[in-house]
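Let me give you the structure first, and then I'll get to my questions.
We call the chains A, B, C and D, going by the order they appear; numbering starts again at 1 in every chain.
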Amino acid sequence: MTVRFAILGAGRIGKVHAGAVASVPGATLIAIADPMPAAAEAIKAAYGCDIRSIDAIEASADVDAVVICTPTDTHADLIERFVRAGKAVFCEKPVDLSLARVKECIATVEAAKGTLMVGFNRRFDPDFMAVKAAIDAGKVGKVEMVTITSRDPGAPPPDYITRSGGMFRDMTIHDFDIARWLLGEEVTEVFASASVLVDTRIGELGDFDSANVILRTASGTQAIITNTRRAAYGYDQRIEVLGSDGLAAAENHGENRITLADKDGFHTAPLLNFFMSRYTAAYANEIAAFVAAVAEGAPTPTTGHDGLMALALAEAALKSVAEGRMVKVSEVL
Amino acid sequence: MTVRFAILGAGRIGKVHAGAVASVPGATLIAIADPMPAAAEAIKAAYGCDIRSIDAIEASADVDAVVICTPTDTHADLIERFVRAGKAVFCEKPVDLSLARVKECIATVEAAKGTLMVGFNRRFDPDFMAVKAAIDAGKVGKVEMVTITSRDPGAPPPDYITRSGGMFRDMTIHDFDIARWLLGEEVTEVFASASVLVDTRIGELGDFDSANVILRTASGTQAIITNTRRAAYGYDQRIEVLGSDGLAAAENHGENRITLADKDGFHTAPLLNFFMSRYTAAYANEIAAFVAAVAEGAPTPTTGHDGLMALALAEAALKSVAEGRMVKVSEVL
Amino acid sequence: MTVRFAILGAGRIGKVHAGAVASVPGATLIAIADPMPAAAEAIKAAYGCDIRSIDAIEASADVDAVVICTPTDTHADLIERFVRAGKAVFCEKPVDLSLARVKECIATVEAAKGTLMVGFNRRFDPDFMAVKAAIDAGKVGKVEMVTITSRDPGAPPPDYITRSGGMFRDMTIHDFDIARWLLGEEVTEVFASASVLVDTRIGELGDFDSANVILRTASGTQAIITNTRRAAYGYDQRIEVLGSDGLAAAENHGENRITLADKDGFHTAPLLNFFMSRYTAAYANEIAAFVAAVAEGAPTPTTGHDGLMALALAEAALKSVAEGRMVKVSEVL
Amino acid sequence: MTVRFAILGAGRIGKVHAGAVASVPGATLIAIADPMPAAAEAIKAAYGCDIRSIDAIEASADVDAVVICTPTDTHADLIERFVRAGKAVFCEKPVDLSLARVKECIATVEAAKGTLMVGFNRRFDPDFMAVKAAIDAGKVGKVEMVTITSRDPGAPPPDYITRSGGMFRDMTIHDFDIARWLLGEEVTEVFASASVLVDTRIGELGDFDSANVILRTASGTQAIITNTRRAAYGYDQRIEVLGSDGLAAAENHGENRITLADKDGFHTAPLLNFFMSRYTAAYANEIAAFVAAVAEGAPTPTTGHDGLMALALAEAALKSVAEGRMVKVSEVL
């Protein structure tokens, strides 16, 4: 079975997914929708698909699945519409910035027996998958401590901060998901310590740019997430899992793999500076995984529940910062 | 200008080039030729091009350029035919196993004012390009010593040995080209020491599976190439350039970038085990460079002369092994 | 001036300091004291010093300085006695397990205008010193986040847990000191999350074997400490400092620097497995720094105040674990 | 048994060996001899030994062993004198710059049933020992190719060139010894290619500053040595052994183990810049090995024969450069 796709939204991430759909075996790109004609035309020109309205796609019999790449505040509505229309749905994170709305949306998906995969692309990074595979193969024994270093190269413009829901809901949400995935046990408690060290305007907007978060599970295993919006040396993305028998760690990706040596020492390139170049393979792999699940009628590897739980951890982190204490996830869910 | 391509030969490397042509902006794949219908059909299915005979392609007005991926003994003839037909030609190395035939072929290309690029893909590896760029930017000062470690993961089947012209003409030829490129000065003398350590059948066929080669230029700068047909840990491809002010080195590519640690120590993955996975980017880049040259009417970055000189170094190496002495390149050219 | 030393306590750490005193230029070992004759004899045999009682050393006119390597519960008393006797004192950490006693002891030292250096050896590790020098030279810009990974290879025997005051006062205390030193600003708040994952007997004794700690300063800079009593791959000791302009990181020390590669990949040795082999240079350097300070009449690089503050952070961490909230250091001091 | 030592020569290397003798258990330093009173006094002051003349040491009943650290042209004579006097002899390399004289000297040692260890310190470097141990444990399978990168940080003054016998006899001689040791099979053929790239004065003296050497054994295994007198990034000392089942490699030693990252990338320190700091442990270990052999009456781990063979390879290399051909070692021995 070839899964026939439409993509909703032809912006930056829409283009990435269009490319992925076009190149993944078993998938074909039927249509693109975007209010900006030029953006949609560019996708059409590149991949030879139709341009259709969202309404038209909803009604299209030749579309099996949609990828939602529209602004965050439209995600939940579109998920509900398309699930009801019988389409398999892949939606960029987050489902919504409101936990209540996310729960409602998931209920709708479940009622419709629909398919919803939330785009936590990092789970599909080849290195992170290799770490997970090592854990699952017992290479580190029982997982005890997860350490996630996740640093953006630079802070986004202030207006993005507002739209995105702030650092925990926008940036750390990926790390929350990775922590849950690697811990292999649900997180029950969250402590977060957040600061404004990079850009005072971020603080004026009520957000943070630097944070450390501790997550705990019922059995006492823990994860640490260390975040910042500024890393002069590039996009710093490392994970490390300590278990009873050892450690599994994924290293960073530099711009190249050459070393220069001179009288001052040895020099290697900065890290890849952009999430799309760092996670190129992850974006392709997540669409391939979605295609495989839809084609086989199997569960998707990430779900609406994963979207809910990652957002709940973000809410708990915000509450923890406000109250200076460990917050139970059950307090916010 | 879009460069319209035909590919001659739909084997392993033909498929790689078809994919590259299909994805490089500014190029389009018009036709594929192969005596094996199934092979040609596969390319047609993947990229939507025509299947045509070599004769038909030669006569096709809608083809600007060809990529020759046929067996080595057909290369020189096809280059001559297609250059005379006014097509730009990209040919896999080697042009021919006979130096005389290569010279003749180059003369034909020159007489026809044709375009010939020889597929020394490694010059287009992003890391090796970064090393070259560092040299050209003066980061290592004056180049003095080039060290090339080039080890295949395993020996080819004996019948390939015969067809390929032996290790120096088939495998080391890439290293000869890289050495010339990095030294930035023509090689004038060659010493080679070859052994049979991996597979006695290779020795029975008169070839070698392990060799060290020293190259010298007129100014006394040197290159060392160390080759073997067996590296248990994968496809070992390293270059290192020592200059008066420092060193530039390109590291190997592992299967992933994770580290596992346990009571026995730290463990990382074997190297990518296959030249096509190691040099994926290089194959794409070389076609892009060819397209750019053809589109702009500019010289190609590698030429028939490069093919000739690399083969001459192989011949000199063979003579050196036979005679146990340093051989001047002028003795074989 | 040659500083004439006596060492109180000829146990494991006493031997290390005896060796340091014997080999540091400008210092000479005059006497050793230990209730176990065999231990004292071993030091005498190795370095040719006298064996004297603690009382005799206190009264010795030919002793300028003492190194206190006796059990923790004797430290504060001995510091006070020897400072009053006019000797310069180097004391192993901690000064005492009671904050009140430490304060009292420091007050005594100050009243006597005495010299007290507390043995936070890690500040004298050549790599950690290089990190600090890089910070001080402005290489990373303004310090924002410190990450300390500090993992013991294996848990100590349960009876040690009791005597030592528990993980925070015994093991993390070193990391607290390093964090204060690297942050360059006093820590004002502590959050700690502790678990028993390695050895249930440790939990039965009321202690922990795995912990993550977040430290904050008034300006919002933060440090994370991640601790465990078990790392299968050896003694894991890393520090990393993120600043506005970059990162400075100290790597681990393996048993050797060789790499083995085989069909399974690349393998390097486990980490040095013992704090004394990992920090050999640090132990020598700290005594040299003490000798230099005493000889020049200069302040020692670590002081009783450093001992007090590191213990206060341990107390705050314990309180944080008990109460599940961020604890101000002022609450415990 | 404690081995009682005298050291002949209190220069740079004499000081190193004096320190080693003083610190190795089972050895004691009795006397130092040097025509420069100040040099001998410095050793005496540091270690409390006697100052004696060479004649007096030869006659000293309280001296079991000597370490010869005098100028090269005195080595052979002193070896013979002290072996005849019944002393165990450790002599710095080379035994002599004349192969004939070395053979004669070895004959004298054998006739006297004397003990002679030649100071090839690198065999005692902990990392190189770990590589050798890995080979001996079968970790790389059958040894096929040895690669030695050996680069001095800077060229010695021209007058040293003359005294030392030139690059092959002075610098490469260490690499020849390491190659023999790692190949585990005697070298039978040598090819060398030498250039003057660093300092024209070295060329005017008839020597070289840059060279590549290929060594072959009867079974066809090979070693490559790449040398230069200038490496801007420090003292570059790497070995790599390829076998049928894998690779063993010893990495370089930097000045520290910290990494700095900034907008230009990642930076680590230059290499240790001096052979004495790079090989500190090797110097201590070789004296310990000599002491152990003397104490046990066992064969020393390196012998006069090793000194002879390494020099023979240097002679063969010189002949190879002169004649531009592979030279059999039997031609020079």
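Brief remarks on what is shown
Convention: a contact is a pair of C-beta atoms (placed from the backbone, for glycine too) under 8 Å apart; a residue touches a chain by one contact, two chains touch by 3 or more.
From a predicted model like this one, the values you see are computed outputs, not experimental measurements.
Relative to the C-alpha centre of chain A, the farthest chain centre belongs to D. Centre to centre, using the average C-alpha position, chain A and chain C are separated by 41 Å.
Distance between chain A and chain D, defined via averaged C-alpha coordinates, is recorded as 58 Å.
Among all residues of chain B, those that touch two or more other chains are 232-233, 245-247, 261-263, 269. Under the stated contact rule, the graph of chain-to-chain touches is complete, every pair of chains being in contact. Interface residues of chain B, counted against chain C in their complex, comprise 232-233, 254-255, 261-270. Taken together, the chain B residues at the contact with chain D in this complex read 141-142, 144-145, 147, 149, 151, 191, 193, 195-198, 210, 212, 214, 216, 220-222, 224, 226, 228, 230-233, 236, 242, 244-247, 324-326.
Contact residues on chain D toward chain C in their complex (touch as defined above): 126-127, 130-131, 134, 139-140, 245-253, 256-263, 269.
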